[in-house]
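First up is the structure itself, then whatever we jot down about it.
Going in written order, the chains are labelled A, B, C and D, and every chain counts its residues from 1.
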């Protein structure tokens, strides 16, 4: 199983991965390895900032970690025992280098670097206020708001300035911050985005997922708690809880699709949870068929769970043919219709004359599901049943995930019957929201106090959405005139 | 399942894939798609030559098909309804552009292009003779010998010149040739390397594997026969057998590893054959264990066959973490030891405390097998049993496959017991040579008249090896002095 | 005569050229042409910002205008009828893209772009103060201080904010500023750096030199006055004098070397002034010789003036051999000694046995002068007399010219006799400071009220040097401890 | 004075420069320097081949010497004490890398490299014959014919093979050849293209011009004689004259334009000859005027000669404004009309109201002359007299110079009166053919036995033109049908 997906055009996309090291020789090389392991969380650009005890060094680049952060002239300049880095997708389409993180500023108290996974949901509101007071923004990133809030805070101590800034922002943020004295790792009060801590000899490591600890040979210690600030200063660790006790609401989609299957998230194996979702799906929505076929690559664990629960053989009916490496730009219009087969191919000898169950992790726009079903039919499948290892995706995310506008989500346009027709399947079923919670070890969803952020399935957003509401207000106002 | 392999440093490598189209608009675009589907057969360089009725056009490039043969300025110049192309690995290390095929020459009879999969085993002998007569070679490729033999043939007709040339070469060759009048596809008398024929509307298509037909939407017609020349001239097809009837000896490693699982080779599904090898392996070498784990990606079908035959659950215990795209060059020596984890990672939560069966397609040097076994042990595996879906690889190939020198092949250095120790496994077993033939539908290997070239397993080479013997002779001579 | 110099390693370097257009279709294309004509004023990087009535568009690049600002994808995006641009050398060695101008900020009053030729001599002092108040700087350029002073000014109107900012800065600045409503061109109260105005149909054009007007076919109107702000708003021009009447002190080195010979500066032809300096030099420091030979290319006009005044024939004794285009990096240490001949070559057949007068515009470190004299001797010159068309360069410039530290200036290390020895000449003479003023049409230098900034020759700096004095203070303080 | 020309679009272009070293450490670095000095003879591509006593090493690249042959990874691989190189323009438009010289072949007698300046005038005829006998050409270069003639020669010794080959070719050739045993430098029997010999310590050096000796610090020894072969073998020199005594006819255009002014050609200073032509022109075609203005850069020496002879002041009326480096691609159609000013600019302050004499070296198509005259008039010139330092160019060259087809040569379309009208000059005069010979020290042209190849002025071609006649024959034949 691979960490990329040939059908990723129709997947939700995590927008960022972050990684930090404090206290290791060649810290930036470890950061590069960690970011490489987190590349699935952001393929558009990457950046690394290091501190050598006297100076900060930064390099930011469009593109992958490999090819940029494995060149000696780049890595040799990123000196020091403290470093952090970032991989990103763009949300807005602004793909300029100036938006690539870690963001950095020279404050009166010294340099300040920040790497951010998540999304500040009142960033526009705060930015307008800061600009009115004379702040000059150098990026269009929501993260820069944090820098300016720190710069203009009236507190004297850099850490107090930072906490002062965090009190003013709302939304989702897992952050790694570097100052000349300390590395700080923190999560927002609900812990929407993940952040874990590890140990490698004397060094402390922070990462979006445990696989990034594995790749550098570090030991997994624990998750950063929601609302917690962990500070590494002079090789010592301390923890602050400036928001007091908070109720966790981690993003449930990390287990469905974002995290790598070999990661541990919230102390559960992502692979096992996905298999459990598949098994739950087999219980909730059984169907008689000859073969269970995963939609590669993200559907594989759920398909295995479905096959083991149902006793129907698991087989590879779709072969990824997209060769490792560069995207092939299809030449000429007359050739373009051949498109989807460049990336995968039906295992025709296996499929022909069979009734099959396709298992995928989610449906976003539905366009790819349609292509896959049709590819199976062209290869001679007798019946095609689609099973989805998540509930219908009906709502947009405002916490750092790239979701299409709501009107483009298949599940917000159609009922399950309508969706079945749309993708030309013989049957279609999604796991229930309670089934999803069961696979995570709960009795079901407690609607009074849900354990996860599942807004994309339920519309139940756990924070205020200041900027979004302001836009709605404006649209309303304009409509009223 | 993917068509690349994270452990490919320790695999035998097919050296070439070829693809030709006669009679379609945008022929070179079809060739590019076909080569993209054959990229696993040669990732080092690619070339395409087209004929527009008046002129030949060629483009050759180091690197992948994608990124080179999907650029409009390149493809727009490759005009015409007839085109052929080539992807290659280098055998000799000579990676110069001038060795990239199709090779092309302006002969007195007009242009002549040739794309070759295989290896001429008397190329050195022929080359020395040609140079002595005044020929100037422009490459170090064995294939160029064919060009000069054609150029200096005393026959008048281009096709006769070509057959005259073929009579002088020995070894393995599947060829696609273009002249102003015709496209010719042919295989050597033993049919060592594959070549299939397809049909897309009025066009004829030739390709190393059927997946390349699938990708362009062509219908699979049949294999080119060993010793057969198929000529397409003015849209009409004819077949010649200049060597008379010959006894086929196709390369058995195509089913073991080279061909894509979704290809049909010798009228058998490669995927099904691999599953059958896995099942045969479970029968020959059973072992009690908790999990069957494929070595990704090429071990997956055999592992499924093994799991289904044995009833032991199939699970993904190794996650490919090598991100799609560029190779990550590991920074610095102190970091290098982390190496192998960049490309894959143990699914620790699954492995811990379990007895596991690892299934892989072959062992070449054994270095990677050792790393995988150790990775499994580090992840907490209680017992690690290795099962290999081919017999021990004991001999070098001289027919167009990149094999290490014989002394580096693990199976030529050690007995199975010694190999078990070398890779630190609790047990190790290979499928038997008869078992391999059984998976291909035979009763076993008929040693008097084997149906396949299995020299890498048996040392039974089906042709003379003129150049190789000359080198041995020389070495012997030098040793005697 | 060419606008570059084969000996430019040992020349003072103007640090910037600026160019702006308001009111012309394809304004950014005109800016690109203008910057191309000003390329001799800054070859390290270039930038263009345009305003299309709704949005600002910017492109900045390392390297020359050609190759960057003649690419359709770049120029097509720089839409609008208003645009300005900048070419630069770096002073500090910080060659990052973020320092490339025009600098741009989104202020509360809208976008604000600025292109600057000169140097703010209290920039460090102002910057420290702004950072203490929470400003985040994105560059290390002194020019960014102006942006932050505008952003934090308490005035409401953008133009008032800008004047408020200018009142706080000291030093040399010719600026072109763009806001959504207006283009503003201004010079510091002493007019140290040049800035001229032109007209092309209905458009107003501002440029560092008149050659940039020539290249776009614009008519030269007049210089911007020292201390004047010229504002183009809605196609109308107005002029402000916020500093009242000021006494002009334009940089005299523009006539000596910086400006192109075909420019008109201060209403005088630069070519004619240079010839007049040469003639003055012939009067002040005559010598008997066979030939007058210019050091190419900047010494040519003065050499012609010298030859015409003295009656000694003007001949090309040094041939520029540096081929148009890329710098040749000399291979290997053993070859490096051949160095200087790559860029020029003695015209041996002419020189041999002759007594020659070499005419150059200035001597900075003297290293190149030494090489040239020796090259002439190697070519057989009997006597070599050096004549310099400027007084000895004894002091550093703090107004936007890249000068070596004072200790490296040959004229601050040696008397004229010492310099003569250093460069191995038979004689050496500089034009007198009064002679230089005479060539500019004055009776001589009025030491009470000199007409030009000639600090590099006289040490008489016309402004305060706040940052420089602070550093001296610090050095003094450290020395005292 | 610079070695390039802003008006080179309308100049004849020498097609090649060659340079060879035998017997120096770092030979290829010397070759790179030498080629850099010969870059004006060919800017399209360059190549270097070296011999390290055991192997040949080659690198060929499109573009300039600088940027290609100053990179350590390139030069480090070009090991050995013997090396030769080549710079080229393309004649045919075939700009492929395979045509870049030195050409190289592995012959039965070992490696054989050749660098060629000139043109084989029966190359097509010989090529057809060689291909009919089975030769495979790898380039479209006429030079490759020599390789195949050597390869197929029936002589045994490599030098005999080479002489055998030369006997079959006709036309112009200066060659540097490398074999494992020797470096051979030779010129065709008429010595049409130049080739000189120099000495640097123990090494022998061969170069197209003496400037290339100057740049490496070598001493000029003598020209290779027409029809002479100079062989360096084991550090010893010998000379052969396989064609017996021959009558020299060196190309006269080398003195007019091709060679650098600081070169010595045929033992005469090119600079001095050009000045003498200018003086002769002043005698033959005087005119009253205020200023003599050179068309930069190639017109400068003749203009100086004209000015000194006539007593009219020499002034720089045209300033090269084309900045060193890349060509500026003019953006947009509306801007394109500004074109010519990008590369030069009138020195308006000097020109205005004056009667001027423009001096240029030659007129080819006349388009640029027209632009220059008009630029002078726009700048206010009262009268514009054009004087040309060569006779009218009426005929094409077939000896390695890129000439437009005859119908495009202004002098073959018009009388001098017609040409005067075409370029809008007040008067126009060319130096006479006898005047040109006088400047070279002759009494005039001896039509019975001219000392130079002056076919471009006279149509008197000194060799057979087999290929050209065959084409004419064909055209005639077709016309007759």
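In this text, contacts are C-beta pairs under 8 Å (C-beta built on N, C-alpha and C of every residue); 3 or more make two chains touch, one makes a residue touch a chain.
Here the structure is a predicted model, which means the values were calculated and not measured.
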Reference subunit B; chain at largest CA-centroid distance | C
Could you put a whole-Å number on the gap between the CA centroids of subunit B and subunit C?
-> 64
Taking each chain's mean CA coordinate, subunit A and subunit C are separated, in whole Å, by 51
Per the centroid of Cα atoms for each chain, what is the distance between subunit A and subunit B, given in Å?
-> 38
Pairs of chains, among all present, that meet the touch criterion | A-B, A-C, B-D, C-D
Could you pull out which subunit C residues touch subunit D in their complex?
-> 1-4, 25-26, 29-30, 32-33, 36-37, 39-40, 43, 64-67, 69-72, 75, 211, 214-217, 260-262, 264, 269, 271-272, 296-297, 300-301, 304, 308, 313-316, 319-332, 334-335, 338, 341-342, 345-350
Counting only contacts in the complex, subunit B reaches subunit D at residues 105-108, 131-138, 147-148, 151-153
